[in-house]
Each structure stands twice: as C-alpha cells, then as structure tokens.
C-alpha cells in the first residue's frame, strides 16, 4: 500500500477516527453537546476529505477496496445522511434520561461499516463492512432498552441479521469453492472462462437472501415494520437510509463487476422480488395507523422500485438508482426529522392521531411532512417524482415492461396511503395532543432549519435536477 | 485433496447449516436460537475452510477467523439483550415477545 | 416569455394570498381576483395580437429555455389559437371561481385561494406546454391543489371523493408517462436526438403495434380525464363533493385538458393508430352520451346530476374528435368552451342553492322559482343550453359534432343524436324538481345578490354570444383541420 | 322595405329582453304596453310588407342578411331572413293573430302574479316562430323550431306550481323533441347528400341530385316528416297536445292552435320538393293525416274538458292539412291552415273567456245556459264552431275543408279511402262542434258566471269572428265563383295541385261534404239538445262506456307509451341509479383491502414466522434454480 492509496482511504480513516475520538471524549467526561459538535465536525471533515481526494480517484487498494467515483458518491450520501441523523439525535436523546454518549460511537461505527461496503470489492471487506454495520445496529436499535419495546426489536433484528449473515457466508463459501477467488474481479474472470455452475448460482442465491434482508425486500421484509417501530427514531432513519444505501452500493458494485444481469435466473429472481416488494409493501401500508410502520412498508415498496432501475443493468439504470437513493434519503430523513421533532419524552410521535389537523397548528412542520410524503408518492415538484421518472425512463429504455407496469400500478395504490396521511394533516379536526416544549432552543432551531432546508432541497431537486444529474455523471465516469 | 473429497465436506457443511436453520426455526428459547445460529455460522466457516483447502489458499481460513470474531461480537451483544429480555419479561421464550406487530 | 409571466402571476398571486390571508382575508380575495383579471387582460390583449398575426395556422408565441438539457427536457411553451381559446376559458372561469368563492369560503381563506390560483396555473401550463415532460409536470401540478380544494373545503364525503379523483387520474397519468418515455426513446434511437420537445417528437416513425400501445398509454390518461365511460366514476364523486369553485374548475377546465390532450398529442403523434382505434372511441363516446344521460336522469343529488351530464356531453367530444371531420373538430372546440360555461353555470347555481338550502338533494327542493325568479330564469337558460337549444353555444357544438360525424359514421351519429332527447329529459327533470311545483322550503330564500348576478350575467352573455356569433372561435381554430391527415370536410 | 325585415322578429325579441330583464321593476300597464305593443307593431309592419308584396311582380322574394352565423368548410349558415308568399302567409297569421291574442291577454292575465313573465314568454315565442318561418336555411329554421318548443314548454308550465301543469310541459317538450331529433338527423342527411343547408339550394339541387323515389330522398322526407309530426301533434306523437291545455288559454290559442302546431305544415310545404321526389313519403304523410284526423276527431267527441275538445279538434284539423299535403294539395293545406288559425284561435279565446267567467271551470257539463249571460262570447264562439264544422258558404272553414275533401280523392296522391276518412272526420267535426255549443251555451245554467269579460277581451274575439267568416271568401271552389286570390299567391312557391284524370264532377263531392257536415250538426243537435233516449241508453251500456273511455283517453296512447317506453326507461334508470360500473372499482378497492388483511396476518410479531419467511425466500430461489 503506497501513500496515494492511503490518501484515497483518507475519508474512511477519518470516519474510523471519529468513533475513537468520541470514545476519548467520553473518557474525558465531556458533555453530550461537545460530543455532538465534535461528531458534527468530524463528519464535515470526512466530507472535506472526500472532496480532497476526489481528484486522485479512482484508486484500487488491492485486494480489498476500490475507491472510485461511485464509491465517493455513495459515501458522500452516507455521510450527508449521518450528519443529518446526528443532528436529529441530539434533541431526541437529550430529552430522554438514558446516557446518550455511547450512542455516537455506535453510530459512527455503523456508518463506517456502510462506508466500507461502498468501497469493497472483495468478500472479506464486504463481510467486514456488513458485520460492522449489523453489530453496531443491534446495539443501536436496543439502545433505549427500557422504552418502546426496543429490546424486542433489537433481538428480532439480531437473530434475523445473524441468520442472513450465515446465509451470506455460506453463499460466499460456495462461490469461493467454485471459483477460487473472493475478489469480485477474480470471480468474474473465472466465470468468463468457465461459466456459472449450479453451485455458484446457489451461492449467489444465498447472497441474495442476505442482501434482500438488509434491503427489506419481500420475502425477507418481515422484520422491517417491527424494527422500524421499536427503534429510536434516529436509528430508524439510519436503518432506512444509510444501512440500505451501503447494502445497495455493494450490490451494485458486485453486479457491475460480475455482470449479474447477464444471468436470466438472476433477472427473474430480482424481478420477482421487486414485483413482490412493490405489491406487498404498498398493500401492507394501506391501512397502517402507525407512521413509522407505514414508512417501513413504504420503504419496502421503494426498494422494489429501485430494483426496477437495477434490473436493466445499464448506465442509465445506475444513474437513476443513485438519483433515486439521493431523493429517497432526503425524503425519508425529512419525514423522520418531523417525527423526531414532534416526539417527546413521553411518547414517540408515530401514531397518526397526533398528526390530525397539524397544518393549522404547526403549518411549517406539517408542510415539510406533506412535501416529504408527496416526494415519496412521486408527485411532481418534488424530488421523488423525478427519481421515479428516471427509474421509469431506465426501465423503458431496456423495455422491462412487466415490472414497469407493476411499478405504475402499485405506486397508485401507494398514493392512497400517502394521501391518507396528507388528508390527516389537513383535516379540520385538530388533534388535542399537546406539543412538546422546546427544551434545547439552539438544537431545536437548527433541526428545524435543517428540515426546512431539506424540504427546500426536495423541491429544488424536483424542479432543477440538472446539477445533481450532471455531478452524478461526472462521478460515475471516475472508474 | 481431491475435489470429490471437498464436496463431501461441503455436504457435511450444508447438513450442519440446515440443522442450524431448523434449530432456529423450531426452538422457542432465545439462547437455543442463538446456538443454532452459531451452528449455521460455523457451517459456513467449515465451507470456507474446505474451499480454501480446495484451492490451496489461506483465504478460507482467514475468513474463518473473521467469522469467529464476528460471532463473538454478535453473541456478546445478543447475550446483553437476552439479559434485558429476561429482566423485562421474565422469560426467554421468543413467542412471548410479540409486542411489535400489525 | 409573456406566457411564463402569465403563469408566474398566478403562482405569485397564490403565495401572496396565502401570506396576507392571516391578517386580511378580504385583501387576499381581492389579490386573487385581480391576479386572474390581470391574466385575463393579458390573454385578451394577446387575442388582438393573434388576429393581427398574418398566418393563423402557426404558433404565434413560441418560447423555449433550457431546463434539464442532459435528458433533453426544455422549458418550451407556445401558443396557437386552440391553446389561446382554452387559456381565455381558463381565466374567464378563473375569475368566476374566485367570485363564487367570495362568501362560500369562510375559513382558511388564504390557503384556499392559493390552491385555486395554483390549480389555474397548472391548467394554464397544460394548455401551453410544448415539451412533453413539462406537459406531464403541469398535468400533475394542477391535480394537487384541486385535491386540496376537495379534501379541505368539500362536503361530507370529501375524502372518498378526493382519493378517488386523485387515484383515477394518477393511474392514467403514470401510464401516459410510460408512453411518453417510450416515444422519447424510440425517437432518440431513430434520430440520435433525445428530446421531449413536442415538435421534435411530432415526426417520430413508429411501427403499427408499438404506435398502438404507446397511443393507448396517452389515450388512457386523457380518457380518464375526459372522462370516457367506463372510466368516469371519479367524476360524479369529485364534482359533487367539491366546493362550488372546485366543481366549476373541474367541469369547466380539468375535463377539457383530456380533450385538449387527445387533440394536441394523440392525433398528431399517432395518425394511423388513431384512425384504427377511432371506431372504438366513437363507440365509447356514444356509450358515454347515452349512459351519462341515463344516469343523470336518475340522480337525486343536484351536483351529481350535473356531473353525469358532463359525462354525457364529453361523449360528444370523443365522437367529434374521432370522426376526423373538420366540422366536428370545430364542434369539439365549441363544446369545450360552451360546456365549460354551461355546466360551470349549473354548478354555480347548485352552489347558490346549497348555500341557501344547505342541501343538494333535489327531492327536498321544489317551487323555488317563486322566491328566486332571477335564478330560475338563469337556470332555464343553462339547462336549455345543456339540452342543446339553438341560439346557445352548446347547440353549435353538438350540431357540428353530430353533423361532422354523420358523414363517416351515420349509425353512431344517429344514436348520439338520441342523446339530445335524453338530455331534454334530464334537464327538464332537474328544472322541475328544483324550481317547479309547490315551494317546499319553509325558510325564506333570497334571490341572487349583485355578486351572483355578475357571475350569472357573465356566463349567460357568453353562452348566448357563443351561440349567435361562433365565427371568431371557428376562425381561431381553423388550423386544427391540419392536425391529422385524415381530417376531411 | 327589405331593410326593415329584421324588425318583424326583432321587436318581439326586444319586448322579451325588456320584460325578462326589467320585468319586476315595471308597472303592469307598461308591461302590457311593451308585450302587446311590440307584437302589434310587428303586425303593422307585416301588413305594410304584405301590401307591398302583393303589389310586386309574382315570384318576388324579400331577403335580408343580418350576419353570417357560422362558416366552416362547406357548412355555412347565416342569420338571414327570407320572405316569399308562403312565409308571408305564415308571418301574417303569426303577427296578426299574435297581436290580437296579446291584446286579449292584457285583460285575461290581468290578475296574474307573473304578468311580465307571461308577456316575455309570449314575445319570445312570436320572435322564435317568426324566425322559423322567415329562415332561409334549415339551421336557422331549427333555431326557431326549438325556440317555439321552449316557449311552448314555458307557457304550458306557466302556472308551474301545479304538478299537472309542469308534467304537461315536460311531456310536450320531450315528445316534440323526439320529432325534432329525427328532423335534425334529416338535416344531417341533407347536408351529407347535398352539402348545403340553404333552403333554396336544397330545393333546386335535390331535383338534380336525386331520382324520384330513391331511398335516400325518402329517408330524408320521412325524417323531416317526423319533425313535423312531433311539432304538429300528429300520430303517433300527438299525445302531448291535449295535456298542453294546462297552459293559459291565450297560449293555447296562439301556440297550440294557430301557429306553433302548424310549424310541421310549414316545414313540409317549405321542403315540398323533397317530398314530391318521394311518393312514399307523400303517401305516408297523407295516411298519417287521415288517420290522425279521424282518431283525434273521435276523441274530441267524448271529451268533457272544453279545452281538450278543442285540442283534439286541433289535432284533427292539422290532420286535414297533412292529408292535403300528402295528396299534393299544397295550396289547400295552407289555406286550411289560414282559416283554421282564425277560427281555432277564436274558439280558444272564447273558451278562455268562458272558463275565466266560470271561475276556472273546464268541464263542459258543468257549464250551460251561458247564451243569455254572455252573448258576445256565445255568438263569436258559435261562429268559430260553425267554421270548424264547415257550415257551408258562410264560414271560412267550409271553403278550406271542402277543397281538402275534394283533393283527397282527386289529387295526384288521392285515394277514395283517404277521402272516406276525411269525410267521416267532417261528420265528426260537425258533431262535436254542435255538441260543444249546445252543452256550453244552451240548456240550464249550472255554474253562475262571475265577472264578464271586458272589452279588451271581446274586441279580438269579434275581429277573429269576422275573419272566421270572411277569411274563406278569398278562395272559392272554381265551380262556384272564380276567386282564387289565395292559391295564386301560394302557387308562386308551391306547385299547383295535379288532378287525376277521369274524375266525377266536383259538385258531387261538394254536395256530399255539405250533407255530411249538416248531418253531423243535426246528429249533435239530436243527441244533445233534445236529450235523446239513445243517449241515456248509451250511458247505461258498459260497452259503450268502455269505448267512450277509450276515446276519452285518446285511444289510450298514453298508456301504451307508458308501458312500452316510460316504465322501462324509469326502471332502467332506477336500478342503475348508483352506476353499475362503480361496482368494478369498489371491487378492486375491496380486493386490496382483503389483501392488506392477508399480508398483515404475517406481520404477527412472531420471530419464528419471520425466520420462516427467510426460509420461504431461499426455497423459492432454489426452486427457481432447479426449474431453470
């Protein structure tokens, strides 16, 4: 490993240091605020580092990692999300009596895991990234152990994640058995010569189980709603965004290198999974009264949509998927931000009753949530629309008609429950639930402002996606 | 080692894996579920070792080390959770943990 | 550029309304009114420009700006006579919708007028967008404020109605989006020029089967909006639950976007495919005429009744478009305008009655002519317009359509003509139940106020003028005869 | 003169606009002034115009283009007026009788609440009717055609608070609309074939374009005929007219006797070329006329409501006109229209006066003995009835009806059967006219009269009575006196009636007609004045009463239509009120909700289920692998 390679890993090293620094800060008994601020600065540093190393890309750190434009994009998105989640976490945890400090260690470790996934090109780095992410998440989910059935959620996630890890490992072992390489490129070479054996495909199928579990795709989606509901809201946001972005990044890289889409079996499996996810996710959400569960179901459907962009396996699909993830991450973070802002010490703001007539009481918050929901529903003027548009466009280009039609029809079903929440927001009977007092004015206001900015971002992306699109293209060319 | 031999061991690993999965499905006690998962992980580890042996590479064994480390980390978190569950619910029966549902 | 200003005026007017209404609700109303009037004046002024334009077959305003150049999306707006007429209708009904909400909306005034103006902006956008992406964008934009209008200020079953409205239209529009994309890629592969521009895509060569499927995608969206039986079910609910201004916009403008879409996009893009599907469309149109009329006859809810008459009238539009006759095409344009006015007027009337009687049930009305002679007179005028009485605009429209359709499809045209009898039946039944007989309402009912008089007078005068002097309209859309190769006399 | 043509319809239109917009602010005298005045001025202009027209050379046509209505492709229609002899006759009747009826209404409607609305509607009617007959193209004609329909609707339902009235109005509008629809289809067909809707062009081109008796021209003719049938209340669309009597009497006089119901006659004679090209259509017209005149006459014999008697008699008399046109006796038809307008308007107005005086009593058997009480009404009514009964030589009705009877046999399209029907109709007409006079004015007084009609009401009656007598003298049978002022004018426009060869002497027919009508009068006299035993016998006979009720209900056409059309229609609309297609969509929604329940079932919180989910997933993938 030479200096340039080390330089390319700089953002990840900074990220890893963030956890260490937080440990040190805790050791020095510094306050939550300090940790928050330092964490924030560290994340900014990561962004800065990413920017700094941008020109040296792409760089391969053989055999485990490859840092290229695509990885930088995903890492950037992950860091952006963790910045926002970190900010949201402050008011959320400060209001609760548990000690919040160790939370940041876990948060940054999990982020590191997701970030490693984006640059991994080897089974070992994949495994390490995924486990780093998972194990940190077990603890994160159950962090507020006395509340909200967090432990139950944590246990469920743990057991299922461990089973899926076992599948992943067994799948990897089978592939290794067949090809003699754990590096994606090496596998691809062997495949190019010998073709895919049944055992290899079996291994692939087992890997799909693990990926499907992480992305909460049908039929591996059953945990999603329970875990979303049971986790602290910032952690839910983390699971919904960062964990899935990381997993999708590695799936994308794996498929790009191995040319997964050349195998009809894979196409069929992913088509079926995608269609099933779109249908099941949207239908499950139809009558859901719990906002967090509802978002879980909606994210199942959304990753079904995302797979439609993944199916064609072309450049447009990749672009569309990345744009989709950006739009999706901003949207979901906005939605969870609103939930966090409305939650109080006594209760999570996850029951829809709380949102009745919110627009007349807190117009700005409610508008932000409405924008986020419109974006999820894919209505124009919001990023969600363009995201869906690009997915459709990628799908039409490769003529994958069946998933496209299902996408269209199920997103209409989805419209129903988004509209249901929106009408709740706009209903004329105003909920009598009292709103929490603002305890920490600075962080409260900064959360508020962040939400406004993100909502603005959603609209801006929804009308002028040009800049983002072109930068996605520039980054993707770095490989 | 011949490849036939490798495949035989692989079958053993697969049987172990299925056993573990069956255990995870059938057992209601959390501890036993965790044990079953350990069996599954070790089955995967065994497969790696066999594969490494087949290709005459150390990678399989390295991987096994990683698996061990990960399993340890996982179990430590899991046992903490088990303690909490026992503390809160006075039971380790997973079927009693059904607060979160539709 | 002026077109963009027109939309911007509406958008900013909407935001202003929202902001001011917290403190000064009255000011918000005036802002809304003046905004639409300003647009109306611009549109009228443009009409003079248009008349001075030497060759009225072309686009006399054409503005294009970059939007998302990387995928060939541009901000392209243009105006020809057809679009212009629809813009005039939009602003005309816009003014009236502001006026008729003057008293009706008492709470959340600001947001109401915001929605109203944004909806108008979206509709105007649909009529001038010449980039398919922009068109789709506006197509969706106009729905959201309308959804809010229904769901916040609607009647008892407003949620159901609003969901139904939104979901129905969304199915269609997403399929249309697929069709747009398919067309985009086919054109891009053929020419290497990936663009959503209307004029660019106009000459895309598609083989028969593909063209048919893509056309169906477009047609589906427009058919739901128009609406074509059996996709009409959203309409009665949405119309009857919406507030008066909402019904006015829905019936007067939103339905027209469907007709506009078929004329502007389906016919020129798919000349062969549209010919091959024409018999089916005419069949559906005729079915709509008869079925809508039968349903209208049986309704007891006044607004629902009027809504079903729209289904019936829009059947004429479909018949007219797909009979590929020049005369019928002029008739379609006339029908678009006059139906907007006459049905709009009926909805306004229903709103006035509801304001006074707090019911839409016609079985609870009766004998109102005695206490409201003026409204009774207006009601007769517009029910007769709806029944296609000559000297009123609707007659010209239906006459042209049926006459034009007769040459090619005599049987369907004759069946459609039977719709005139049915229209007489439901119109008279409505008049009779509401205005004739013994007065059943015991509360004193006031006749129309000055504001209401202005609304009704404007509508009445325009429907009569359209009936007696339709020539300017016909001249304005003369160029539509060139929009499809098989349009004949 | 031509440039003032527009004033004839415009004045009533202005009257309508003023009255409808400002009616509630105007005094009653002013309303009356505007309402009646506008029509009177129109009538004055018409008379001046008529005088000018008579002085001008034969074949003169006055035209005035007001504005181009629309022009698209070949289809064009202008708002332009065109007057030839045929139109002029109609215009004269419309404005002149219209003016008289308006004057009469000033007093008749004096106490009505909606004075302005009445005159507004009447003025609008006159305007529309004038446009109908002055139109130079079929679209404008259709405008007038529908316009009079609307006014008829408004005026039948004038007293809209009574259910019977608005029902009658609806019925009238809908049934005539059926005819109108057929007519407009005829218009489409004409345009498709000839490419024009300009009446003179149609008349010229149709002879060049069509062979006589071709299917298309027959179809066109029949469609136009259907329009005429609807408007003129001929079989089978006659049922609306008796009910239309729910309107005020002046309305019945103007619209449902003198003018609107004869629009069918105008249309057919206007489009005579088309009909002449189609012998079948001509024949159908004649048969419809003959059958209608007979059936309606039979119904008129047994009616007890004075206005319904007159209504059926109107249907019957228009039947004569159709018969005449059908056999090719154009001039006779128009002449009958001319005389009929006077005497039927007179009868209705007089009947209105009677009804008004007797406190809105319509039943003739509750009247009686009014001869002494209201002599002016009595005499004028009698003159009208005599004209209706075609009392020879002294009444206008005789001259016109005699012509029709003669032509029914002798004209090109004539047939003895038609003649026989017409003749029996003549007998029936004479019979019920007599019956009416005797029952209403003779015998014992059963209801005490109230206020007697004022001078404003009686003067129009006297004028009309004069014309009911003198109106016929401008056209004599040529074997009696050689006066043919009327037919000379009409024949500028309409073809001369062609006679069959080898006919019996005309005088024979005239004598038969005279005898028959006198016999009819005698029968009426015998049955009703002398209270014959036969009458009592009949009253007791169940069979006779069945027949009577059958006729009283207008041959039960209403019931027939009720069972065949109205009830099925209502049934269909009632069962489909909530729109059957909606079921489809609620069904789809239901499926989704059921699916939601099903999927929710798996979200049951049990971890082992979730593990099973993973297992299912992997099994699925393996299965796929094995299958492929």
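Order of writing sets the labels: A, B, C and D. Residues in every chain begin at 1.
The rule we apply is simple: contacts are C-beta pairs under 8 Å (C-beta built on N, C-alpha and C of every residue); 3 or more make two chains touch, one makes a residue touch a chain.
A quick map from chain label to UniProt name: A = NADH-quinone oxidoreductase subunit N; B = NADH-quinone oxidoreductase subunit K; C = NADH-quinone oxidoreductase subunit M; D = NADH-ubiquinone oxidoreductase chain 5.
The structure presented is a predicted model; accordingly, all values stated were derived computationally and were not measured.
Set side by side, the interfaces C-D and B-D show unequal numbers of C-beta pairs in contact, with more at C-D. Centre-to-centre separation of chain C and chain D, using mean CA positions: 38 Å.
One simple way to say how far apart two chains are is to compare their mean CA positions; for chain B and chain D this gives 96 Å. Averaging Cα coordinates per chain places chain A and chain B 26 Å apart.
The distance from the centre of chain B to the centre of chain C, each centre being the mean of the chain's C-alpha atoms, comes to 65 Å.
Across the assembly, chain D contributes residues 600, 603, 605, 607, 611 that each touch 2 or more other chains. In chain A, the residues touching two or more other chains are 155-156, 159, 163, 225-226, 284. For chain C, the set of residues that touch two or more other chains is empty. The list of touching chain pairs reads A-B, A-C, A-D, B-D, C-D.
Within the complex, the chain D residues that touch chain B are 600-601, 603-608, 611-612, 615. Against chain D, the residues of chain B that register as touching in their complex are 21, 24-25, 28, 33, 94-95, 97-102. If you check the complex, the residues on chain A that touch chain D are 155-156, 159-160, 163-164, 167, 198, 201-202, 205-206, 208-209, 212-213, 219-223, 225-226, 264-265, 268-269, 272, 280, 283-284, 286-287, 413. Put simply, chain C touches chain D in their complex at residues 164, 229-230, 232-233, 236, 294-295, 297-300, 326-327, 330, 367, 369-370, 373, 377, 380, 384, 389-391, 395-396, 399-400, 402-403, 406-407, 410, 413-414, 417-418, 420-421, 424-425, 428-429, 432, 435-439, 468-471, 474, 478, 481, 489.
By the touch rule above, chain A contacts chain B in their complex via residues 123-124, 127-128, 131, 134-135, 138-139, 142, 145-146, 149, 151-156, 158-159, 162-163, 165-166, 169-170, 172-174, 176-177, 180, 182, 225-227, 229-230, 284, 288, 293.
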